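Please find the structures below.
Presented sequentially are two complexes of subunit A, the first with subunit B as partner and the second with subunit C.
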Partner chain A sequence: MEGVLNQLPIGLSIGAVLLLIALGLTFTFGQMGVVNMAHGEFIMAGAYTAYLLQGVGFLIALPAAFVVAGLMGLVLERTLIRRFYGRPLDTLLLTWGVSLMLQQLARDLFGAPNVQVASPAWLRGGVGILPYNRLFIMALAAASVLAIWAYMNRTGQGRRMRAVMQNRRLAATSGIDTGRVDQRTFFIGSGLAGVAGVALTLIGPVGPTLGTYYIVDAFLVVVAGGLGQLRGAVLAAAGLGLLNSYAEFWSDASLAKVVVFVAIIGFLQVRPQGLFFVRSRALT
Partner chain B sequence: MRNSLWRTGAVFTLAAVTLAACAGQSSTNDTGASSGGSDTIKVGILHSLSGTMAISEVTVRDAELLAIDEINAAGGVLGKKLEPVVEDGASDWPTFAEKATKLIAQDKVATVFGGWTSASRKAMLPVFEKRKALLWYPVQYEGLESSPYIFYTGATTNQQIVPGLDYLKEKGKKRLFLVGSDYVFPRTANKIIKAYAAANGMEILGEEYTPLGHTEYSTLVNKIVEAKPDAVFNTLNGDSNVAFFKQLKSTGISADQMPVMSVSVAEEEVRGIGVDNVAGHLVAWNYYQTTDTPANQKFVAAFKAKYGADKVTSDPMEAGYNAVYLWAEAVKKAGTTDVEAVKKAAGGVSLDRPEGKVTIDGDNQHVYKTARIGVVQPDGQIKEVWNSGEPIKPDPYLKTYSWAGGLV
Partner chain C sequence: MTAPAVSVRRWQGPAAFAAVFSAVAVLALVAAPLLLEPFRLGLLAKYLCYAIVALGIGLAWGQGGMLTLGQGVFFGLGGYAMGMYLKLNDAAGDLPDFMVWSGVEKLPALWKPFGNPVFALAMVVVLPVAVALLLGTLVFRQRVRGAYFAILTQALAAALVILLVGQQGLTGGTNGLTNFFDFFGRDVAADETQRGLYLLVAIVLGALYLGARQLVRSRFGRLLLAVRDGEDRVRFLGYDPATVKTLTFAVSAGMAGIAGALFVPVVGIISPALLGVVPSLELVVAVAVGGRFALAGAVLGAVVMGYARTYFSEELPDAWLYLQGALFVLVMTLAPSGIAGLAANLVRRREART
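Right, the complex of A and B next:
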């Protein structure tokens, strides 16, 4: 019985991990429609930033990883993705190629084996079944959601971003530099992946293929939650986390994956646009 | 103009990234002997240098190249230098079969050293059998195989898993929980473990599999906490071990309360997992970097000299290193690199290697190996706490174990 109850916080903590890896993607995929297969490698870049900054301080790695991954995203957007707007299939292949290159680059820079990132001492220990590092990830996910919400709704930049995403041409006519907004959106989305990467060093492996373990789950959350919908992502992550937790508890890890996929396919039959979506008269 | 500048920039960035990516690979190809000419013997090395298995297989390639260097420095084989031809299996099983064909048909190598996962070995097996070429496979595996064209220099089950169980039984750990990755090795290993447990009065409280590359272990750890086993037998492979041990450790269960016996965690993996997370837990292998033999002191020193003082050596690396020496010894005995002659000569070849005395069993082409149980130390090294005393005769089909009757 205790095990069943334990699965509730475990499910929520799995949801927090899912949310953290998907948050950046709600920007780049959800808002801009870019299928960025290299998103996982930005997570990896964040994790390696934490590795390089060991000793300097775990909390300092968070903003540092945001900047590192954000800049990588910015370069990718400016040099390549910008040329492929409106061509999702080409973008998919392109970014997949970039992701393979980044993996090999990491292998050459840091070696093929996993590297060790020690958890800071203040994250050792726990409450009940939930260790402090899981609680930290939940708090970090909540803080990120709050920060994004405030940015989107309380700042001029955020409002311009939403305007461009809802109607690009009208926004351009109103004098918004849409190219700049795209850059900024991609920077923030990629930067958030870096933050997720730092958090993942607490619970998972840190190696060149790290990103590939999380990329599919990140897309699942965004699609199920509704493109570009922050509250959709939060609810979808929590729901998928709980579903995963109980499905695995009553069966096993492989079957739980199947259950989650079937549930998402079924859900998308009923609501193809996800949990939430913006009603619009545009044809797209 | 501005647009074309950007395009040039993009092309250069791409080119730079590609070059950087290739740099690590190409440099490996020219390690070792001088190129070309009929005064060399070509040997193939086929491991995953990219993809998810590169993490482990790159280190085995390094050990095999070291052995080739050492043999060349000592004058080569039959008066000829060895020339390694390195190929990348890319963690993709069909690629292994394809590259094996290329090495045999195009490069005409005398033998191939390669593979790690059982899936890659199973993919290469028909290629070597059809073309009557030799493969030396350096990793512990699930047994139940004995191809006439493969030599197995890693442990089979009776040299690793069975001794691991013997040790747990001796320590009074009677209630076990089985955790493994979802593929052929862990599932076969667990079948053997369950048969052993049934015959030895041990109880299996749970048997759980996770997909390769799985990183979310909180639910599994919760199940283990609820089942309260005396010990966990862990056949997880690859990166999953990192996530499993990190998440097990953070629930506060110590290795004293509930040790985990792992068969795919060696020195290299310990570093990736983080020593804090795995210290005190048990591993079963045939070799550790700390194994006290003269040959091992030489091996460790040579490996560090060639690849860097911070490198560690591990069981599969040592088995790959041995494979090259065992093949060279068989060739010397046969007086030719002809496959059938080498196979015939190989039986009974015996060498003092870093793990101690190893002897090729001519019947099943496996190797007599000493089993060793170790405990992970706080410095990342593994301390041996038990060994089998003498090399164990390989028995891939467990024919000599009465409890294993229903398995084959």
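Right, the complex of A and C next:
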């Protein structure tokens, strides 16, 4: 019984990391039709930012990683992805090429072996079955979701972002500078991946291929949650995180991913468009 | 984005096609075995195995618009089916070596039927096709497509690799299946056998290429192109796009299975590292470089990228990932139809001039 309870914070914290990663993906995919495989490398960039700032303080690393990863995303959007809007499959392959180069760059800069980031003292230990580091990750994800929700629903920029997501051409005709909205979305989405990278340093080592372990699962969150849906992403990430950790617990680690895959395919039989979606008469 | 179908067809008039195809066939079947030393011939055989997978990707992605990032799964199913038979054959009634090392005492039930060569060879095609039919039916019926489909196939590849690595006693874990000796009565490592295998791979590739070409030019192929370019319209006309896509996906999976089975005796190993997310994507890259809209482009891309990979990882190992990534970015931005697209443009320009 205790084992079952122990899996709960593990599953939820993995879900929280997946959520931070998936938020960026679901918005860039939903708003711009971009499947960004290099998103995983923004996680890696965030994690290495935390590694470099180890002496400076963990709480500084969070905004720093947000800005570093966000700027990387912005550069990628401006130089390459902008030319590929509306061609999701091509962006997928294009950004995979970028991701290969970024991984090699990380290998050249920081070396191929994994590095360890020392967790700050105040995040060691825990209460009962709840380790502080995992609690902190959950709180971080919750705070990020709240901030994103407020941004989307309470600010002018967020309103414009929702407008572009729902109907790009109508938004453009109404005088919204869709290019600027795209840049902002990309910056924020990539930045959140950087924050996820910092969070990951609390539960494991950092290496050049860190992003590749999470990118596939994060995409599954997008598929299950529904495109560009905040609520969907939250529920799907929690569900997927828990399913992952409990499948590992009850069967064994090697079967867990298969269980998750079968569950997603089964889920798509009931809700092919994910948990939530915008109803429209347009052909899907 | 549409394929330059008309001009390519003119370029590939029946006589011109027959001439080019025979020339390539003579080059591959006569010249290569005579001119290349055994090591290089083995490499070429390996690339041709990848070319068979690429042909399937060209069919599913270039012609059908289904970007499949999980062809490694089918390649692996075919490869493991062949590898299991070869292992049991070498063990001659005992347990395969890696099972002894993993402390397995009795042959697992899953392995037993693979001792029969006919069953194993059938499974090379049946397993991948069955998985593709099941996945295709479940996914395409629900109109899940495009990037979603790509992501799902990638997730399947990731899941399979973790499964294979984890089930050490059943699959050989990270090492996979290797150390083969006997291939249907011949020493698998002998130059003679390897040359025969090379010819077999080349002939299979040629036959599958002709088959795929025929498929694309048939009524079914027209329908497939129509599904790629306007799935909803095809449905409104009373056809069932899901069936068309599922069948094509299954054909491409079968090709990957055959390729995997040929790969095992040629290279002497099948392991999870050969069929995960990265190798699956690399083959898609190869197809994009060669030209996704032409089946010949897919084959060409696989061979070119195979050589590039070997050359650069021998000469400049550190630069290879940069080069591969950069090449990819360049192809996608400047020449989305790949080498075949550039060639077709050249031909079109010359025709316009005359």
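Simple rule for what comes next: the second predicted complex is superposed on the first by the 279 of 284 C-alpha atoms of A that agree within 3 Å, B and C clash if a C-alpha of one lies under 4 Å from a C-alpha of the other, contacts with A are read in each partner's own complex, and residues count from 1 in each chain.
The working rule: a residue touches a chain if its C-beta (ideal position, glycine included) is under 8 Å from a C-beta of that chain, and two chains touch if they have at least 3 such contacts.
Predicted, not measured: the structure shown is a model, and the values here were computed from it.
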Contacts of A:I10 with subunit B and subunit C, given as first, second, both or neither: first
Superposition-derived comparison: subunit B or subunit C, residues of subunit A touched: B
Which of subunit B and subunit C A:M101 touches, first, second, both or neither: both
Partner chain(s) touched by A:E248 [first = subunit B, second = subunit C, both, neither]: first
Subunit B versus subunit C as contact partner of A:V223, first or second or both or neither: second
First, second, both or neither for A:L89, with subunit B first and subunit C second: second
First (subunit B), second (subunit C), both or neither touched by A:S174: neither
Touching partner for A:N153 - first (subunit B), second (subunit C), both, neither: neither
Which superposed partner A:V117 touches (first subunit B, second subunit C, both, neither): first
Which of subunit B and subunit C A:V35 touches, first, second, both or neither: second
Intersection of the subunit A residues that touch subunit B with those that touch subunit C: 80, 83, 98, 101, 103-104, 108, 212, 252-254, 256-257
In the complex with subunit B, residue positions of subunit A that touch it: 2-3, 6-7, 10, 13-14, 17, 75, 78-80, 83, 98, 101-105, 107-108, 111-119, 124-126, 129, 131-134, 202-210, 212-214, 244-245, 248-249, 252-254, 256-257
Contact footprint of subunit A on subunit B as seen in their complex: 6, 9-10, 13-14, 17-18, 20-21, 23-24, 49-52, 54-56, 58-59, 182, 208-211, 213-216, 218-220, 222-223, 225-226, 239-240, 242-243, 246-247, 250-252, 268-269, 271-276
Subunit C-facing residues of subunit A, complex: 29, 35, 80, 83-84, 87-90, 92-94, 96-101, 103-104, 108, 212, 216-217, 219-220, 222-223, 252-258, 260-261, 264-265, 268-269, 272, 283-284
Touching residues (chain side subunit C, partner subunit A) in the complex: 1, 67, 135, 138-139, 142-144, 146-148, 150-152, 154-156, 158-160, 162-163, 165-167, 232, 277, 281, 284-285, 288, 318, 321-322, 324-329, 332-333, 336
